[in-house]
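Going by the order they are written in, the chains are A, B, C and D; count residues from 1 in each one.
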């Protein structure tokens, strides 16, 4: 089996999803069940921690791997507080760190993210930091105890695709942790491309939530991620400049 | 069901494959059975029509939809002769027309292709012409009685991808026949992209046959084609310039 | 000198311009004088042939190389009639053939273009056919007596860029006539790229005419075309996967 | 005049060059004189500070703006020492900071770069930091007193082009300092594109030094940079999906 291991979990489906922006959150459960998606991220601030029945968590299948995120945090310290709150509230010990103080493009702050990762990894969290693709930051996150590295493909929520390909490719090559492309992926073909390059997984939210039919789009992404993974394993053939005939161009009619 | 109808056939799997360039042709049968690929093209010149047991046809599952091709033809007349020979030999009435007299890039000759299409469609063939993407040629092929239009994505055998995207997109929009991207597709992500644009199917040969593991690569392509088709049906959300926060950036910690 | 020879003319500036879509046609003369652009195409239908003082021609510097075009022609026959009318009216013997019957994307009809080229070349015109990039059509235009080949980069008037790069590159490699990229080029960088690939010239209209400042934009294109030409002549270095240090990474401080 | 002001200098030519990798360093002087390039970066470690007659500096025209760089530095501290040495040796008070400890792709270390910038700006240097494109790092460099920001387009020495376009565009929009694209630019068209996006300047070394004819290639880059700058100032027209006819498609022959 070609599972992805993160922390103590074996993950079969390498499509991770986000739970924001759905017009109808009730669809999330069906969507996860039908596609076999196992990992879902939830913004803690969208969760009423006092009342599980009134929040997005009631739409998450019980067997899902919950990856609470620290969306809303502007500093490492805030992220750390949100993470602890999440664990204390029974959301488990996975945490996706998001530290953002750029109000326009919502780009992540690598240095604050590294600090939060260090603290939380030391406290036993399985830490998945969302980051701006940068090799030194990725190495620092490895050293800080991250369980995976989550570079963005394009600014979050834009559906613009894998615009940071050049650097993500280097992270995949140079880091020993799984690289999970998170943010910006707008179409299944782009998710497949990330996986063909050797990404370990892809996280998609906006592209599914804002599709005409989110359920069908989730299936599309799930298949595309599998396709990209298989292509990576199958070792693509060479790209060449010239066409080569599969048989000589002498007409067989003359034979 | 979202089947593709061509001629009198209902096709479930929108990945079509070619049978050339396999190091071991014996793999073709498994590959088609395991992926559910239904349509396969075979170069007539690679078939010893006298001896079905000694040729590539013995590796094609009996339930497959056989699409003989006229590879090796340099003129409409040669293509017509090959097509008739194919039908007379029991290969059925589908014919993929390839007329090529460019020895380097193996680009198809649209005018000769149109002529052959006209003759063969009048003779009751289900004609699938391989063509250089050009709107006037596509319209002429429609008028000549083609059952689908097969524009190239890049020169055949190059694995270079969907380089003719700009024009293929116009063919999809402006033609009423199914558009099947044929030639050049090197990775599953590229096949998915063609399908997301609204292609009806994708034909792949070199990228599967020259992969490290052709069977796994065929699965990858089959899934990617399905993913792209689903994405097309699901109606992708908009691509935007700016990230939009899924929730306001006011920290929930202060609430 | 690195001049471009077409017909009996030596051309120094490889930027050709169109005269349509200018908010103020009066700018054309200054624009040509200041940039040194020598070749300009004019739609005959925009010319009142009876009255040179009331038409766009009065804005063309007398020393310019006039390339009337057959815009508006839907068939070879119409193009031929327009060309003859142009010559008879004193517009010279250059003719840019445009035959278009696609009302949406305004794509050129290669077969009608080839027919018109054949007739007009035999009548002594210097024929510059606008065409959809296709190797067989380019070869047919060569044979028909064209003086250069003018493939489109993207649908006319779209500013979308060099979208047909893959095929234009093949035309440049495989044809002996000068290849002039015409239509679709939206930015100077795209014109430069076409020239770097070995195009002989680039024709630009919409991108100049619709710029905020057409005169400055014309200068930008003129410089970019020269830059691209020089780069082609200078033979670019190799593109590599890995960075190579220009000097060893041992700190000189330790020396 | 559209000059670029950095520190106390007014710069007319927005192409900056590097002095490494030339097969014959003697060409640098001609190249700068003939193209009007004013700013040149020199690796201090390639300079024998005791002997100006034996080092690359003797090939730099006396009126040039010298931008010594700290190539070879692996930490902020080393960069600071190199910068001070440069100033003490009469190389002026401009310093391009390069801090690199990645041996394969030679990517810059943003955090060490920020530290060095802070120290050197406080000491009165005109600091031009080479950096990995990241909005937070760019803001920190602004705050640290940088005179401009120099993000990479691709790993240094690769000629791969403007691969970081998505993020460089954001830096240009969100930063108040001039953005100078440095590293990776392989062709003049790519330099033009950076300028069209609003970059203040482009630094090129490998693409010039490794061209078949470095002098001609330098001219090509200089023109392309000017072209891109003019295009930016001229405000490009809109890119559209559909072609629009510049005049109606009713044949004028019928009029």
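FYI, contacts are C-beta pairs under 8 Å (C-beta built on N, C-alpha and C of every residue); 3 or more make two chains touch, one makes a residue touch a chain.
Just so it is clear, the structure is predicted and the values come from calculations on it, not from any experiment.
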*Contacts common to subunit B and subunit C (chain labels)*: none
_Relative to subunit B, chain with the most remote C-alpha centre_ = D
*subunit D and subunit C are one sequence twice: same or different residues at the contact, by the over-half rule?*
same
*Which integer distance in Å separates the CA centroid of subunit A from that of subunit C?*
46
*Quick one: subunit A and subunit B, Cα centre-to-centre, how many Å?*
32
*Junction residues of subunit A, two or more chains touched*: 104-105, 107, 155, 160
*Taking touching chains as linked, do they make an open path (line), a single closed cycle (ring), a hub with spokes (star), an all-linked set (complete), or other?*
ring
*Would you mind giving me the full set of chain pairs in touch?*
A-B, A-D, B-C, C-D
*Complex contacts: residues of subunit A adjacent to subunit B*: 18, 20-21, 43-46, 71-74, 78, 81-82, 100, 103-107, 155-160, 186-190, 192-193, 196, 205-207, 209-214, 216-217, 219-224, 226-231, 233-247, 249-253, 255
*Of all residues in subunit D, which touch subunit A in the complex?*
102, 104-105, 107, 109-111, 132, 134-136, 154-155, 160, 163-167, 170, 174
